[in-house]
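Chains here go by letter, A, B, C and D, matching the order in which they are written, and residues are numbered from 1 within each.
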């Protein structure tokens, strides 16, 4: 069968013919796989921890949705079921054993398509039931390719709701309608974050340092998410009008970190998600802001199976109403390997169609 | 009466004669006042937000213990009671109204001896009962001057215990005995932090970039607190042996922040307390560490009345057993104004005796 | 205009002609009002705390959805907006001032249609914007009459999620799919509770002491909610197969309380909602079970504005997919006053249509 | 060596000569063992779940303090160390594996002196290091016999502090000084509960249905704990003056449960500890109170190793200041077996001296 492979950590991508060994489990025909920054970084040889499962070659792909084609008497799934596979597989640490490998204590895990385990950019794959999450509503077959990036946001929401318990962190009418959430970064992850916190009832401001493309602008307007192009309007000016009560960094640059700590409100909640900052860092002093304002800054990586389930529920419940299909801006053939290197005008999420 | 005054924000200190107006309330004879970095900064004209209560002159002093000399029929206190006054006075925001002005939302508060309210470096002062905390055990009269710096640590402990609820953050025998807490900074605040987390059952490592003085070394050894002089042994070497599960920064320098985020364990808890870093910051990238390790970083400033009470309880319960009287290394007359500018060999906490 | 009134606490219902005074605010044409057990109890003179707003007569009705017909320059709402009014209005206590009158500390509140404030069973009413919640999706105009009973469930969910933080209360794959929730009571509230916890990913068992009617059975089957008729199968037998990890009592009888404490699992979570038990209580000993199993039992009454918003979101997201329109089993004219006394075969929620 | 044994579940006590097999581990000379209601119930044949470790005979005793007499190269303890052994030993469930066997999910544990494991009423015993907690301060050698009953209170405090996060559950000055805690039951456990919550800063009222003995009265007065004899003053009268904000039941009778639910304040916290109520229950309806007041009722049994540590810290810190030695009202020889059946005038805690 076809598979998109790379030689980590050196990089490169090619469409190969590979044999699926006779592993036992549930056989899944890949429907769509999404491409994200991590895939591009592996392909470009920039992700040092990328490593093969065996031999030298790694099958790429961690965002996927597929259809069960064969089950081995496993009651949990039947032929035709739409499923999303889980990326990170637990190791032996306590948090992994509790089912929370997203909080792995020792780094002893593998991640499909990234490190130590082949990914899903291939015609089909075989999987254990425990690493599959079912999509009940076949009407979101395509949209379900967003489950994997969206599960990260569900974990962020879990942390956010936890941190709110520190003090009565809500408006005087009990809702979050007076609270402004600034989301830095307008890639797929940034937009998904904005979508989820908007649905939670907050006033959300998407922040970017360049003018936003039409696709993104339309998406934000359809969902009544505010936006700010800091090349046109300064952040602190907007903050003066709409206080920054919370923030998510989906960029990963130190100057965004500083913009957040400088501008965030007292008792603010900042969630850190971005790690791929390509901007040079400068001399920053952020501690006084963090301390004097009692700011909580919490890093969030990955998500657990519960978050995949919540992501699927979110897509079923709000996918249509919040126009999330507009986030998928391009569908490509497996042969179109330039998706790993070229950036289309207006692209948000590009996917590869396997069936 | 005598009072130590400054002209903020310009600075300077002198021993003045001032009149206590005929305010109604509880009259307290000052017993001891402590001197901390903030006092020195105000005296040196380095604290921009320092400001007088009225006129141009501000009476210094926010760490104090005194004895009630006159009450106005207030049942809560009687003549002879030992009391500690509260520094920060609430404004009108929601958190202030809840009694948690340490989480003030809008900065609309005053702080005795710092901004907008005269402090306690004077022979006596008049106070409302609600801003006084009683010391039941007169045996800790002197030690009670540590209440104010210690209340900051009690708030940190509150945050620490809250953050531990995120995941099962304890050893496999339910205690904290396998958890290492690194405390950066060996001033009074750093030592109090180490003392409290040691008492909580953690293995505590005090970190400094210079050899530690004998007073500090003795204090740490008496309390079985580990120490690390990073000019003699590298931090990451110690961390390899004793993982950094949690950390408190009581320095306030960005390179300490980076040392923490670089070295802290997955799911680590970092409490930020220091703001007065005088070291130049460099080019730092800390985000990948924060995100990939799910690190929680929370700033903590000030403390509420409950933390004053807890601090007094701590001094009563552990002051003697943990040799905390050794933290007070010098007792001075109000006339000895050089305490604000000179640093004695081996000094930890210097206090001024008023009675 | 027409209004359904009663003379509390004596009871009785009649359709009256009343004048709406010239109060200022937002004018709303009532679309539907729901009838619940509380309305019937007031009508039957059984609710002692029922009391009029002024005079002797009280307009009934606290479950409502309406359409804005007139606004007074209030930007928050415009003509044609679909809105749900809030029942409980805050008093002066701290929790009320925080917007959480559902946690009122002193009972000093009024509730529309129940105590101290006229309700919504009338052709139109005038309301302040802060007590209205907007329904964005006009497609759920009818369904929105379920907002008020559903908001109670949203508060229960808030408590449930909070209590889960006590220990790692989830399955070894991080989800709730292995956890069984038993819901006692098959009235509207019981069914809404089952619906919400099913959507949360739990295995839900509806428990009743009589055979269930066809409407209810169909609703449960459509939503894959299990059911148990304890006149046909004993509870403890079912529990042996599917442990009772959590429970909600929507009945209010002491024998249900005992059934829960007897059968619930260690570390179980029991939410108490029912108060209208009409069964005689007997001699019960429940304490050993509660203690030895570390059971958490928490009462939950009412909900805050945030829960109205969440309820509307739930209806928009899941109303159709979970067949919630089937919960409305009868639509009546205001003249049909027998809805307060007669019980139709198969009835779940009956509503009165005003427009 | 000597040992006090019983034949469970039938009961009886005798002083036997037993052989300590050659088990490896740390050898401890028993110093004191306490006698509690559970011991008496086992002796009286009333505790159905009591069972031997092997054969038919069980060595009694779960409250103990001893001195290490022999170690097997175990660095954690050395000869002469004062230690308290842990009662409940973990099974294989998830909570046991996390070190929280006090939250055991499946009941698969043993408890020394109670079920499946010999206890400490013998001249010496051999133990694994992981089930011993060290008492650093030899000055509380006798007092440390209270560690085991006190650890139950430390777990209750953990639950109490957790439940307080539900809403801002503190006074308007941030402390607990305005909050009244009613403790039902004046046995050792009840008095320890009162002591701990008093130290936490609450106003504590001890409640009993009979006049209190002089020993108890003196203890309460010394610690400024209020008391109420409900044979002389009705509970609801006291509650009218001092609202019942929280309560602990250390009796275990249903009428106490009803007194709590009837009288507790809105948003009240009730901790259930007692299980040995001997009073007949009557017809009770408690649900309306629980629901309408949002009451949280949580059972608490046992405690984890962390709570033993906290108990020892409490005894070291407050044992002397709070006169806790007065709780030990009688010291007996192992031969005095009537301690299991007779009740001395004024007795609180009786202990057996082994060395």
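Some observations on this one:
In the analysis below, a residue touches a chain if its C-beta (ideal position, glycine included) is under 8 Å from a C-beta of that chain, and two chains touch if they have at least 3 such contacts.
Quantities reported herein were computed from a predicted structural model and do not represent experimental measurements.
Touching chain A and chain D together: B, C.
Hopping across touching chains, the smallest step count from chain B to chain D is 1.
Two chain pairs, A-C and A-B, are compared here, and A-B has more C-beta pairs in contact (counted per touch definition above). Rounded to whole angstrom, the centroid-to-centroid distance between chain B and chain C, based on C-alpha atoms, equals 49 Å. One inter-chain figure worth recording: chain A and chain B are separated by 41 Å, centre to centre, where each centre is the mean of the chain's CA atoms. Mean C-alpha position of chain A lies 36 Å from that of chain C. Of all residues in chain A, those that touch two or more other chains are 94, 98, 100, 162, 165, 167-168, 172. Put simply, chain D touches chain C in their complex at residues 94-95, 98, 100, 102-107, 159, 162, 165-168, 172, 249, 252-254, 257, 265-267, 272-275, 277, 280-301. Across the complex, chain D meets chain A through its residues 94, 98, 165, 167-168. Those residues of chain B whose C-beta lies close enough to touch chain D in the complex are 97-100, 130, 137, 161-162, 165, 168, 170-176, 199, 201, 304-307, 309, 313, 316-318, 321.
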